[in-house]
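Structure provided below as structure tokens; questions to follow.
Naming follows writing order (A, B, C and D), and every chain is counted from residue 1.
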């Protein structure tokens, strides 16, 4: 196979990012159709000359010419859409979170597996050049045996309270990326989690029962220790760093800055600002992940992030929630 | 006007860059045709689904539906093609150097002006985000009155000797970008030039009468002093830096690095590599300059880099050549 | 008072550092005497022209002309020497750890207090210019309300096994500095500790029942969360960093490097090495702490680090030990 | 010889720095005497317990117990004092500039040489750890054959006009350090100089016939090209950088900063300030140069910076002056 026909389900913010990447930057793809139940979003697809634009996803799944779908609809639809797509024999790229319970993720995983189609999950950060490089360095033994992992992940500001109410909590909504990254970088499974959360940014977030500041301590199966610190609000911007320390050295990912300038004036030296948020910081990763998905189909190789990865990250998030609630370390085998 | 039909003349390395940018990233453009006398390069355009692909540029110029041309053919064709395109009423984006003599640049400038079409010259570095920001900072008075400008511009390796023989010499071929950048950043004209050149990298370059290492001292009309240092070979990569110092402070452009990692191992700390060469370092600038050209046409505004800019950069290069030959400072009014 | 007579007890490595600082850099001090039970070390004091050099500390304590003593003898002597010195009315600077049990520290604290002399404890890192500046920034509200504290503290290599056997364990021997730093920077007390330790560096360290790699999670009384990561062996050198994140921003202390050079060669960019170990990294802090002690005496002001600080750091270390042993978060009031 | 008796002539700012270094940090030295015609400065030496404090330098030179003198009196006294000291068989450390004419430097050089005593000149920057390291790297071939040298040297603010009137002009007063550094780093002699100077900082400096901003282009005997840029006023502090580029790579000396902090707040990232001026930036170099002088005497080795070095730096400064006046490149053999 050298070309592939794709349909995109859901034309919200992230769906549009994927659609543009598919249309503009992937010559081996032809986008045959797009759908969204909000017809106001159809004009976006129309401007990109997508041949078929539907209200419902079924029309896409019914089109036998389409070989793969990119699912960007709300999380609550993932179970249904993934199963329907798999049933029709279509390969699936599904946005994160795949689902928010262990049971439903297992259901998707097993069903899709039975249909013999590929399913990739949208943990896009793995495809950022910096994280990908460090993963490769660790895998190649360049830092030796890993001893300590440190992830800093802080947002420039919290989402609206309405969003937070339905988000499943900070660990499931925000830290899930860091949980996935932990496994990806260390190359071992998390065995035990201890999580502390606080409400420091906005009292309203506490009122709805969520936290906005946390530190999580991870123990991996190979003896590596890890720590993740999160905040919903860093006034200086989207703070995304990682450090892995091992027997042969240490590698850090620093923040990506807006430019390469240094300025010194009467009041001192100035550094460039951080890139604003994930759409700016991880732009290329969205293209890269989809490209990897398409390549996996065209070459019939395994996808790089699958339902098992979604399952593990979700289990760690659930473990963190339990740990925080009971203020005790939780073993992952209590969850799985 | 909200859309524009464009033809591309010349499908060499840089022509292909422009063609891809026009096709993939500029929805307001329709590429109607491309031409190259080397038919081997036609397949590139074919793969991008360009409707008409010609051997000769005339077919493009004869097409009344085409409103603008992008000229990427060899320098020796620029005078002829620019005049022919202007005569047909087409706006022109022409790669640098526009021409290599003062007389011919004036001829193009005057002819094009008489035809009432726009002509933009491809000094792409002005459109790199870093250089553009510093230009804006200086223009906004953020560094005060400029006092000292410093440009470092070193290539990772020299081009083939065959290329160098026809290049017009290092000042015309390589430093011309730095001469244009000098005027762009300082915002004043160069009045006097003193240039020293040496043959340090490869004796063969000396044999053909060229230099590979140089420092140029510039005196600007507002009293600012500037220096440019060049080398044809920096073993560590494409070294592109600039510093502007003034009464209110100093701003530096540092090199753009491959990633945002820091590594510390047994033998010490490691910094990321520099981006390899101009195609990697200035990727976005090629898109930005063409986008600015199209926008200038659509909004009927002046183009940001015109024949006068080409004239001035060329005059400085000729002044530098004369200065080096006679080992004395040369006033620009000796040239112009 | 404008000058002060001092005696130094113990002429090991750190005793010599203090002696040189007193002699060469503190004109307001006259070192009247030094003592060490190892007579081989006496020549060091002799070369500095110290008038009286004794085998036993009693001779120093008996000298009525001496107003202050600097105790650098082994930890096991601290209780006895501090009490004896206080009884004789001498102000005391005592190296860390003051003692390793809560009871003995309380005994020293109360006894010394009863004698109405000053007692300063040698937590020298507080007097490093970087840590002192960040402390001042936090105290001045420049980072707003603290939310997250992160300390990285890794040694270039483990001490000899023989030393480790009598060290009281990694938390008491090494992390104690970080526990003190936590309180110093955040400006609130630690309420709860969760500690994980591993044996990753050298199996022999595990054999003697100690750990060499750890992460500790701290919960402060004001809601701030903190994390400390330690290793006994960083192949790239003595890694000493700190980060404090709050409602108004974030401040980091980076490692202090050997020089201010950047080198780029054929194999890439190189960063300067880290300073080797604490004697190089914290050189000035040893002078600064002693200077602060002398100033406190001369101006009759409180010392900047006292027995209470020793007590709290020790309690946190004991809490960390208990937490690791029982794998559960431990509240500091279980210890105190 | 294992100890040496020294006298210090001149107790102004730099004389005091040397005196403190000799007294506090150099156990192999005994300062026997100090002199200054300004008796107000005698108390400084008294506080350091210098045995003999004189009004006139003769008393120092007449003391047969003194083996070496450190001359920190005004430049106009250097010829007379150096000759008198040499006549008495005393080794000489003399502050820069040794003298400001070629003839007088030669006179000193030849006279001192005839007396068979050592004479070191105070080009202290060679003894800064960064510059010394780069010198060693170049000498060891680590950057290959040098191609380009770049020095930036900018003061935080101009000295008083009264001082400037007697300073000999910017090249002689300020750039002389950079001229010496050029020879020191490149390891070859300057052959030709082209200098441009401007009056940009303060019109009053122009009124007295001096410049405050300049760029100098140097051609070395081995074909290396160099550039030095100076300003009398950098609002952000004392800007001292150097870069050497060669066939094997490039090494840069960055500015030395006040601390190792990074701060990110709502308005962006902040870098530490530069060290204020030469007393802060080059503190250690003053000790190191004197220590090297003393070591040269004790081991009977040549001093590291001698009258020839003073001669060459002065000649380059005179060449730069002539070049600026006549606006033409000047060969050094026109001066020497």
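Here is the rule we use: a residue touches a chain if its C-beta (ideal position, glycine included) is under 8 Å from a C-beta of that chain, and two chains touch if they have at least 3 such contacts.
For clarity, every value in this text was computed on a predicted model and none was experimentally measured.
With respect to chain C, maximal separation of chain centres occurs for B (centres as means of Cα atoms).
When the interfaces C-D and B-D are ranked by C-beta pairs in contact, the top one is B-D.
Centroid to centroid, with C-alpha atoms defining each point, chain A and chain D lie 59 Å apart. Here the CA centre of chain C is 40 Å from the CA centre of chain D.
In this assembly, the C-alpha centroid of chain B lies 43 Å from the C-alpha centroid of chain D. Shown for chain C are the residues in touch with two or more other chains, namely 234-236, 248-250, 262, 264-266.
The residues of chain D lying in touch with chain B in their complex are 145, 147-148, 150, 152, 154, 194, 196, 198, 200-201, 213-215, 217, 219, 223, 225-227, 229, 231, 233-236, 239, 245, 247-250, 327-329.
Residue ranges of chain B in contact with chain A, taken from their complex: 24-25, 27, 47, 129-130, 133-134, 137, 142-143, 248-256, 259-266. Across the complex, chain D is touched by residues 234-237, 257, 262, 264-266, 268-274 of chain A.
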